[in-house]
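Here it is: the structure, laid out below.
A, B, C, D and E label the chains in the order they appear, each numbered from 1.
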Amino acid sequence: MLKIRNLEAGYGKLRVLRKVSMHVSAGEIVAIIGANGSGKTTLLGAISGLVGATSGEIRFQDEDLTLLSASRIPARGCVLVPEGRQVFAAMTVEENLLLGGHPLAREKRGELDGLLAHQYELFPILRERRKQLAGTLSGGEQQMLAMGRALMSRPSLVMMDEPSTGLAPLIVRDIFAIIARLRQEGNTVLLVEQNAKAALAIADRGYVLETGKVIIQGPAEDLLANRDVQRAYLGREKLEG
Amino acid sequence: MSAKEFVFLPVMAAVVLVQLFTAASDSAYYLTQLTMAAYYSLLIVGLCVLMGYAGQISLGHAGFFAIGGYLSAGLTTRDLLPWAESPVVRSLDALGCLNHGQDLYGAQLLTVAPWAAAAAAVLAAALVALALGVPVLKLKGHYLAMATLGFGIIVYRLVLASEYFGEADGISGVPGFPLLPGLTVSGDSAGRVANYYVAWMVLLVAVLLLRHLIDSRPGRALRAIHGSPEAADAMGVDVARYKLKVFVLSAVYAALAGVLMTHYNGGIGPSEAGVMKSVRWVAIVAVGGMAHLWGALTMGVLLNFLSLRGVFGSYDDAVFALILIAIMLYAPGGIFSLLPDGRWRERLASLARRGKSGEAAP
Amino acid sequence: MTLLAIEHLGKRFGGLQAVDDVGFTLARGAIKAVIGPNGAGKTTLFNLIAGMLSPSSGAILFQGQPIHGLQPCQVARRGIARTFQNIKMFHGMSALENVMVGRHVRTAVGFFGAMLRTPACRREERAIRERSLELLDFMGIADCADTPAVNLDFGRQRAVELARALALEPTLLLLDEPAAGLNIYETAELGRLIGRIRDLGITILLVEHDMSLVMDISDEIVVLSFGRKIAEDVPEVIQRHPEVVKVYLGE
Amino acid sequence: MSVLRAGIVGAAIALWVAAAPAAWAETIKIGALLAVTGPSSFLGGPEARTLEMMVEQINAAGGITGKKVELLLRDTAGNPEKAISLGKQLLEEDKVLAVVGPSSSGETMAIKKLFEDNATPLISCAAAEVIVNPLASWVFKTPQNDSSAAIKIFEEMKRQGIARIAVLVDNSGFGKAGREQLQKIAPEHGITIVAAEVYDAKATDLSAVVAKIKANAEVQGVINWSVVPAQSIVVKNIRQAGWQVPIFQSHGFGNIKYAEAAGVAAEGVIFPGGHILMAAQLPDGHPQKSLLLKYIADYEGRYKETASAFGGYAYDALTILRRAIEIGGTDKAKIRSAIEGLRDLPGTSGIFNFSPTDHNGLGLDAFAMMTVKDGKFVPYQGK
Amino acid sequence: MTSELFLQYLVAGITYGSIYTVVAIGFNIIYNTTGIINFSQGEFVMLGGMVAITLHNFMALPLAILLAVLITMAVGAAIEMLFIRRLRSPSVLRMIIVTIGVSILIREVALHLWGSGVRSLPYFIGNEITTIKLGPVFVSPQVLWVVGTCLVMVVLLLLFFQATSLGREMRACAANRVAAVLCGIETRNMVTLSFVLSAGIGALAGAVVSPITYSQYDNGTGLAIKGFTVAILGGLGNSLGAVAGGLLLGVVEAFSVSVVPLAFQDAVAIAVLLLILFVRPHGLFGSGATAAMKEF
């Protein structure tokens, strides 16, 4: 479904991603893990068009996303739940969700009510809060809202950037339970997480990024057992030179 | 002399050459408008430091020019004879701050002496800038622009509504400003050459002082605030104080320009306080390249000179608007950024280095 | 001897307790690191010490004096310098001039002195320049002195920023993720550099993600999670601390 | 013949034709400092257009004493500092013989000394009395005196038994000068000003201030002294407030556009107007009649806009200069004394009788009281 | 003060207030979607009036106004596409300068197109002296047109922004540009749309107030400054706040006539603006908390 080849991207002079290649198949949950600054967020930014790719290609359902502007990518079925939620704080929960339905083709706008109901079923708390301003929600509720908003356009691929950031452990568990459920419903998920164990626990496969490169990849169980993964998080051997 | 100061030599040479040329070609009349342009440029270089180096916009600088010009004009023309016996006037007289003279039509006149009036005018502008700066400089972006614009409008409204300042007519009949025996700032054609040199001397000294400021501790602090206020703060720069100081400094420059221009012209009118004037000054600084003292000076002299000569005719404001838009869209670094490479600057710098080593090139 | 003491420090943003009853001390001459996952409150803690935020509760004592609630520039004048995670160079200024700004609190010339370029001003200016060049040299980037700072590569900008902080002659140096954006070689180099800075007698507190750097150079590590301190110990212990491992790798 | 050669020949012919006026033996340079743009452009615009038209006519008719007139028109935008700069340019660089303008009193006052120092005649198109009183030897003005207008208004008020009035003026130089004259002269006519307000030249609605003066029960009549569009707003707001008070306007109302802007509200407004506003109604043989009709016809034919008193100020200035040059030649001092010696010279504003002590030359008779009837200016016939 | 005078002042204040409010709303729309204060907003008002007057020579009044609004909208779109869109990495300073430049340019073009003369549309109902007597107070029917237009406009705008998906999308751009892009909203078009919308509103306002205030090439600036003051008073971006702020400023101005010389009236209005900027930059009616939720 998603195929990335030799992707390079960064901000200004700073090159963050160095020749990253990876793929996601339909129906999978793929986790990308790595320490801070390893380039995870930049990778999702590049896929969703927020960060310009300097070379390489991103093929999504046989279309090169690097050629599209960011606002056209959601309509192709590839939606990002950004880090730090980025809800429309001064708008109500329901408005946030409706805006998520924007990428739907015009003739499918009639399905909005059904989709709305579906999100409320997935995230019952949002139904209670639907008239509230999104900025007044708690962190966990905002995360659910951001996910719900992304799902409103029935994307074929949902990308999630650090859904657990700044959330209490109990809520993190709920969030991951929902992600797992999404897969059961047939969604494809690309998950970027710092919380490696939680992410790999629900993922099929995983990639480990370090300083902008994929250093390890494989089935989630293998990565969980891999000592190098642990090393990536809690200190490397000293480098000479 | 550092590389940046080295530029002064050719500029001074140009000032002298222009005068010699006009003398030789019997076209000394050009000096009048060059003198006026120099006074306006005095305001512009002050604004340039505020905007370009400290990063604070002011859409009200004509207001400071007007405070300087109007106060100086009012004090030196309004007759104090009716109050001659009041203690204030008498003590001022005892201090030598007053002039006993005659008006255009020969009537007795008691007025404040120009030097005292000028000092009072500049001081007033500084105090206003201080009082205004404390709350205004806390604002950013649109709010700062609008607040300074508002200040300019208030000054305009006050001079337009005050009888003391002559309402719509402004003040005319302002006497010359005696600088030295035999040297008076005034528009008399006899003193034209001397006044030309006075104006340019004042301007170049003013620029030299600013140049010194920019290349030293407080100037670096200012530029640091522009570059990154948080980092400047973390380096121990008291951002609020520095913004305030430079605001006052630029107000003083504007007021001084107002004082000198008023004595040179022998009068001042409300159009000097108008919003369009403030906008024009901002435009010229932008065209010169914001953080570019020489750019501001060059464009200040050039554009004012052309405008004062009526070259743009009825399209005066339109020309400035077009310049503004074009510069912002196509050369945000100022008109000199369009020159290839800025190699001329390097060449100047290398010349300067040969002159004296040890100090850095620009 | 204690240089910096954090006591029951708390910071609330609306409903979020970003820093919650954190306390630790920093001995003169030590290198101490604060680590924790994203959103743990490291940056908030850092900003509280640097004066960019004022605490909701608790106290920060520097050399026995309370410094909480002071403005950043006042904190700097006490002898605390800092660097920024996303490097903040002064635009439009050369590398050397950037460092020269660092001398601000150690010099005195004001507007008038500078404009008139008094002899005292000239003397001071020369001293600032010399000291700043020395620092660039110490960082090994003396050759970039006249380059506009923003044109330097990332690693060199870091070095300029460090030199700028050192120009302040700080007693305490606060480093906010100094290794962010550096490659492994640059990071290793940075580690050595921090060591040399400590050898100058400067105490260092850093917030860092790069574990290799932290483990390598720190004397002690404080671990934050959800605004609370969950561990404080030497690197070897922290590396095996079950709570810390759980926070980082999940349960 | 190739196209190129045709082009060259054509250009040569064009050059020759263009160079033909070089047959003029000498040119007379006359400067003009007018506010063609800016806040006073409603004055400077018609003035500039009038001058351009006249100079063309004069040259077509053989110039002045056989010399071609060259008009150096400069736009001051109403700024005194520009008037000074451009004034010096005209005097020293262009070496003009005399200057027409400026349009506003502030500008005129700013350059008064300059023209005294340079001993060059300046004929201002601004109305303020202070321009010629106290007298400056080289400065003249063509608009009627404000005091004449004030006296005319007060006389009419007395006739109507109005003694307590409200005065509204705009904050232009015209309004300022008018207010000063009204306040000075009112006591002489037994009239008391019980309320006086200054409004902004760019005011968009004045119903609040109208409500204020209306609430003053003493007010028997209102004088509005203004030269800006807002004077139509005053009239409208007074009538909209259901207030049937007699409204007097200054000679600044002498532009039919203002009456049109006020629409039916302008009906019955009384004001002192120059004869230009009633040219057609003047008795045949009136010395001004033919020149007024010609000026109006020429101006309106050429510019497709109504001729106003303002353009007339410039007409008079150039007419005076023309006559003075015919008498005194191209010597500035002689021109000056020629102007001072002009008697019974009809102009658009009135019949000029200059003297060494009167540099305006117009008397009370330059005004006639007028009113608006059916959207037209007509002589006021009394109640 | 008699109650009659009090009421008459009030009516005058409401008239001024409605005019200012309509201008302020134009500011708010653009500010809300872009974070730009469009200093050329006043020129839209001027254009609306001038174009409508010109067209009225050839066609019926409603049609002339409609066409004038459409033409001004096109001008708004052109300004955005020609100037605003082309600003690379726009800093606030540059946006201010460009919109000021555009404002001067439009004004100068208008001067050379229409001349400096004053024009006006005829009164929609009655003429210059028609008044309606409401108790002791006299009101021109045109005032009711202005107040009515202002009210209808505010209500329509609120409906548009709250109840239509396009309005929601514009608000989303204002609330969080990145998130809007991630929802597939073409933010560029929203910016253009905001210029079109506020140009249209300005033009309609210009046509409706023209019989009262007259139209002239340079009367946009004064209105823009008042409109901006009102926008700040009500809290930038807050349309209901603008209504309240407009009425407040209008009434203050009307009543100030009784204490301050009229010549200082504008200085009073600007002093109010400065005071608000210093004390409550988020406006009298906006709360700091909601202001903080916006990105700008």
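Here is the rule we go by: contacts are C-beta pairs under 8 Å (C-beta built on N, C-alpha and C of every residue); 3 or more make two chains touch, one makes a residue touch a chain.
Given the structure is predicted, the values throughout are model-derived calculations rather than measurements.
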{"item": "Relative to subunit E, chain with the most remote C-alpha centre", "value": "C"}
{"item": "Far-end chain from subunit A, centres as C-alpha averages", "value": "D"}
{"item": "Winner on C-beta contact pairs when B-E is weighed against A-E", "value": "B-E"}
{"item": "Inter-chain centre distance, subunit C versus subunit D - centres from mean C-alpha coordinates, in Å", "value": "73"}
{"item": "Interchain centroid distance [CA atoms averaged], subunit C/subunit E, Å", "value": "49"}
{"item": "Distance between the centres, which are taken as Cα means, of subunit E and subunit A, whole angstrom", "value": "42"}
{"item": "Intercentroid distance (Cα basis), subunit C paired with subunit A, Å", "value": "33"}
{"item": "Touching two or more other chains - residues of subunit A", "value": "none"}
{"item": "Subunit D: positions in contact with at least two other chains", "value": "37, 171, 198"}
{"item": "Residues of subunit C whose C-beta touches two or more other chains", "value": "none"}
{"item": "Pairs of chains, among all present, that meet the touch criterion", "value": "A-C, A-E, B-C, B-D, B-E, D-E"}
{"item": "Subunit D contact footprint on subunit E (complex, rising order)", "value": "1-2, 4-5, 8-9, 11-13, 15-16, 19, 111, 115-120, 122-123, 127-131, 133, 138-140, 209, 212-214, 216, 218-219, 222-223, 253-255, 257-258, 261-263, 265-266"}
{"item": "Complex contact set, residues of subunit B against subunit C", "value": "209-210, 212-213, 216-221, 223-224, 226-228, 230-239, 245, 249, 291, 360-361"}
{"item": "Residue numbers on subunit B that touch subunit E, as the complex places them", "value": "51, 57, 59, 135-136, 138-143, 145-147, 149-151, 153-154, 157-158, 160-161, 275-276, 279, 282-283, 286, 314-315, 317-318, 320-322, 324-325, 328-329, 332"}
{"item": "Subunit D to subunit E touching residues, read off their complex", "value": "37, 39, 41-42, 45, 171, 197-200, 202, 204-205, 207-209, 211-212, 214-215, 229, 232-233, 236, 239-242, 257, 261-266, 305"}
{"item": "Subunit B-facing residues of subunit E, complex", "value": "37, 83, 86-88, 92-94, 96-98, 100-105, 107-109, 112, 221, 225, 228, 232, 236, 261, 263-264, 266-267, 270-271, 273-274, 277-278, 281"}
